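Each chain gets a letter, A, B, C and D, in the order it is written, and its residues are counted from 1.
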Amino acid sequence: MFFVSDNAAPVAPEVMAALARANAGYAMPYGNDAIMAEVRAAIRTAFEAPEAAVYLVATGTTANSLALALFCPPWASVFCHRSAHIAEDECGAPEFYTAGAKLVLVDGAAGKMTPAGLDAALAGAALGGVHNVQRGMVSLTNITEKGTAYTAAEVAALAAVAKAYGLPVHLDGARFANALVATGATPAEMTWKAGVDVVSFGGTKNGLMGVEAVVIFDPAKAWEFELRRKRAGHLFSKHRYLSAQMAAYMEDGLWLRLAAQANAVGQRLAAGIAATPGCALEAPPAANLMFATLPRAAHARARAEGAAYYIFGTDTAMTGDPATPLPARFVASWSTTAEDVDRFLALIRG
Amino acid sequence: MFFVSDNAAPVAPEVMAALARANAGYAMPYGNDAIMAEVRAAIRTAFEAPEAAVYLVATGTTANSLALALFCPPWASVFCHRSAHIAEDECGAPEFYTAGAKLVLVDGAAGKMTPAGLDAALAGAALGGVHNVQRGMVSLTNITEKGTAYTAAEVAALAAVAKAYGLPVHLDGARFANALVATGATPAEMTWKAGVDVVSFGGTKNGLMGVEAVVIFDPAKAWEFELRRKRAGHLFSKHRYLSAQMAAYMEDGLWLRLAAQANAVGQRLAAGIAATPGCALEAPPAANLMFATLPRAAHARARAEGAAYYIFGTDTAMTGDPATPLPARFVASWSTTAEDVDRFLALIRG
Amino acid sequence: MFFVSDNAAPVAPEVMAALARANAGYAMPYGNDAIMAEVRAAIRTAFEAPEAAVYLVATGTTANSLALALFCPPWASVFCHRSAHIAEDECGAPEFYTAGAKLVLVDGAAGKMTPAGLDAALAGAALGGVHNVQRGMVSLTNITEKGTAYTAAEVAALAAVAKAYGLPVHLDGARFANALVATGATPAEMTWKAGVDVVSFGGTKNGLMGVEAVVIFDPAKAWEFELRRKRAGHLFSKHRYLSAQMAAYMEDGLWLRLAAQANAVGQRLAAGIAATPGCALEAPPAANLMFATLPRAAHARARAEGAAYYIFGTDTAMTGDPATPLPARFVASWSTTAEDVDRFLALIRG
Amino acid sequence: MFFVSDNAAPVAPEVMAALARANAGYAMPYGNDAIMAEVRAAIRTAFEAPEAAVYLVATGTTANSLALALFCPPWASVFCHRSAHIAEDECGAPEFYTAGAKLVLVDGAAGKMTPAGLDAALAGAALGGVHNVQRGMVSLTNITEKGTAYTAAEVAALAAVAKAYGLPVHLDGARFANALVATGATPAEMTWKAGVDVVSFGGTKNGLMGVEAVVIFDPAKAWEFELRRKRAGHLFSKHRYLSAQMAAYMEDGLWLRLAAQANAVGQRLAAGIAATPGCALEAPPAANLMFATLPRAAHARARAEGAAYYIFGTDTAMTGDPATPLPARFVASWSTTAEDVDRFLALIRG
């Protein structure tokens, strides 16, 4: 009953096995390992993007920040949802990597920007010529930070707004596989066919030890990316161990299978919470991440049996009024079991 | 016969086993895993520094850059040897992380600064008041980039020069274990007892998959370090896998055993090269890294049998004059065997 | 009838005379001129702050940015009003100078933050520990960008909120003299007595050619300021000409006289607009800057006779429906005359 | 007898008069003043560069830093002479503005790089692929910091080396007019015809109050320059006063006349020193700046009568051995008189 985060789950056994296999003998360092060539080919194939530049880094913050820095100059703005990970959870990494670009926060229900909302934000910016920060790029997150998903068509609609202003588009896909499973889109449909220029293709939240790929559809900036990555300390000498994780992830659709597992138990959890008297979901979750309000008593029973997840608010002690609804976040992962979910649901139902 | 780099060697089996053990169940992310507490305690004990702040990152460039940024303001200089990794091999990472500090390159034979040389460089700097870059800090590398070692007394002598100017001292210990084995110093003698303020305590070149510790003896800047690390994308969500590596490294002296192995085969290699007619070492190597000049014919015989290492110069093809001496770099690792070395020596002897 | 901006006005004759006087013979460069000592003493006296560090720069953006960089680390936020000059009109200079700090925009009527609004913004920030940008400082603008003024008591109330979070306070005083004239506060009451740590003390909008002072009440950071200023290219070699302007400004209360003139004509203009049928002020202006809505026909008559000021909106042509109200900004300066104002009022009244 | 620096001289009377003329009435701010159009045209004509982008800033450090930042990415190096102003005297401004580029210092007699020396430095750099800082650009200074001049042919030879590596070239022309007078070259010959891409065209050391132009021969980067200038606080609201200075400077060849005056008295001084027993010039000065060694007694006599200039070394007191030679720097300016020089020469001759 561990619903704290999908980044607290273990590494998938297929990935551990791949690491063990990769550990034989010597390998050229710094991305010149043989496995990286396989990874590049596999990701290009999955994205139907034979020319794409593909690089590995170890954290999502790095993937996002390097992607933003590649496309947004220091004197420009990244337009993103108010709840975006780049805005809320990266301690200013985008500002650090871009050398001081600004994030412009766009509101929108359930963690999603709308084309009209994005257009209004873009239209209202950069009206002062040289005096204000210029429009730089747009960054979307899918699965959103609120647990909802953009369909490929919704991504395309937002990207079309960005393109109308001549701006590149980044997709933070920390839960990219979950988004594909949730929406049925292909990688290409969700990205370059929709107008996305660069993707943070997540692996860590979905069974890897710590690898994300940055996929840049136009390889013109590939060398600049390599320099930025190295300069930031994100080029690994023993790179084969990153490659091995990603190779295993891409092999035989493991990445989509793991996401399908996570989404399925997530949906089971969501349905169970929604069906529990006194409990309510904030928004219908699309995948494995959800926000819900439960009575304090329900939390207390679950907590007492070891359930782990974030409860929000200023009075989260289990000793207050048992009827008070307390909001919480639940994240299922590839390793969450239906039994875990059912046990938790039984507990909150008392 | 793979002497390209110690960062091309595999991960030590004890470390792989620790990763497998760490992969059971869930663990709190972002350094809040239980294993990190063990790591912190083990490193503090090893360094006899019960108050030290201890953090893990995944690459040596990161460890160095964050350490420098913590102690050197943007308008100041880091004084280091001309061949230092921070100067030659990090694509400007120190400048990026410090927001534009300057490196002042100090000459010195065999990769080592001398107290007089350092003092002269410091004395000649910052004479223009506000007009020039201020003196910021001193950074040493041990094992040096030329394969030599500073004794603890030599580190202390250099640190004393730095302290005379009020400057903090960083030690790039990418091969710290090798340096201790080579000199017989304890971790404390080589660092804080000698006047070092912050250490990049390397693991990746010595059997880990990708972990370095930053050890900050005065914990006053610990929180700033945490913010800098996060902001740079170097705080791992699945941090337990970094912790597990370092915990295994520190357990029962594995780190020193691995370094002792590497140094022993390195010395065997060095002695063998030195004893080979027509071959010469550039400087007597202290540990597992060395530069040597071999006749082209010797290189050619070794290469033909698969020996791998860097040969320098503008005419490194194996087809030229067989008597021409060509300089090369050789690095032994924990996994290099005496058999490897002997086979190589037999080859170069023809 | 030139109401575009107070920074489009000429230099006051007293200041031109001082420049001419300063042009005799040689003077030591880089702030070591004799006049700077007078300036320092005069500003310290005016602010009743005998220990304050006082520096001159040439633009308001520079004064603000250096002040923010001095007090806000790169991984922290500056809390300011949504309309603040640092947020809207400096092309990201705060982000550039702070190496990537974030601005958090606080709403508030008529360009003013309220203590409750500021407190709410602060309370809602930095809840994620190392994961999000930390609280850094608070920046106020007085006269605000909307033409209103904070009283010294209001500044103190806002600063008290900042202090409750342990944060330093910056005051953007591009129109500081106008604010003092408008509110009757002394320089000390409006700044350090109210809890302000650093002031951008404006001169350029109030009759100087291009000089602002940065007044830092705790001189501990003085040397860092000098290095930051030099490193940014803002230390003038022929500094005496900056000193001369500021010395003239401080002499015999010229700075307050010029502001009083500007405020008086500004208020005359505001009263006249308010008394004109079909015209309305957005907020009662406190000084020389105001926003007002006039029928297109009124604008057209004034424009036809050469009145200059900014009209906002997407349909600002003078050919549309004459009754449509169009918002505009008017700024009076020390050199605006009552005749100018009366002529303009006569024109808009038709 | 004030030879401290040409930036300690007064403003030329023609320039003061122009400032007074510019002070009539209102003018649009931020470079939209009418005089700036004249300036742009005059500089384009002078440089025979009708397409060049021309911008004004107030200090030489700013002109240099913005020029470097425009052409050198953060992960690259600027190759310059070891004594260059950008390396020695700007407190790291190039590193600040470029976001962390590195300066590579090239040696060369009398403050001048040679093509061979530059080529060797370039050839030795960026050999490590992604691991080290890339080659970025070359920066020359003319008049050099040692008082010598590059001829246009010498500039062209150095630029040819840069171009062979595909690098842009910057010319720090803080004393550009002096260099033209010294060598007889035209502005075009000394710059774009020789392969220079961007010039810091100095005015402050040659009779202006504080204005330098940045001349960018390919205007493709003009808008980026404007954003960088604004973002750094170097766009002046009352820009007309910068324009007025530069307009006066360009009018009727004032800039060359002032430089000719400075060079003439400088050469008179140099010849006089060289002809004085016991005194020696370090290198034959080309213009108005020179280094010379005089016996302490000579210095003492001059100092006693009020001569002002920098004496170098650790024992510069006038009380030591009167025969000891002490090195010093002398700078003549447009306002230095032949009488001043002759009086000084008489003093040192005793």
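The definition used in the following text is that contacts are C-beta pairs under 8 Å (C-beta built on N, C-alpha and C of every residue); 3 or more make two chains touch, one makes a residue touch a chain.
Fair warning: this is a prediction, and the values are worked out from it, not measured in the lab.
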Could you tell me which chain lies farthest from subunit D when each chain's centre is the average position of its Cα atoms? A
Cα superposition angle of subunit A on its copy subunit D, in degrees to the nearest 5: 180
If more than half of the interface residue numbers appear on both sides, call it same; otherwise different. Which is it for subunit A and subunit B? same
Compute the distance, rounded to whole Å, between the mean C-alpha positions of subunit B and subunit C. 51
Centroid of subunit C to centroid of subunit D, CA atoms only: how many Å? 34
Among the residues of subunit B, which ones contact at least 2 other chains? 74-75, 90-92, 96, 99, 130-131, 134, 227, 230-231, 235
Looking at which chains touch, is this a line, ring, star, complete or other? complete
Residue numbers on subunit A that touch subunit C, as the complex places them: 74-75, 88-92, 95-96, 98-103, 128, 130-134
Residue ranges of subunit C in contact with subunit D within the complex: 2, 4-5, 7-11, 16, 19-20, 23-29, 57-62, 65, 90-93, 96-97, 204-205, 209-210, 227, 230-238, 241, 308, 335
Quick check on the complex: what are the subunit B residues that touch subunit C? 30, 73-75, 99, 130-131, 134, 224, 226-228, 230-231, 235
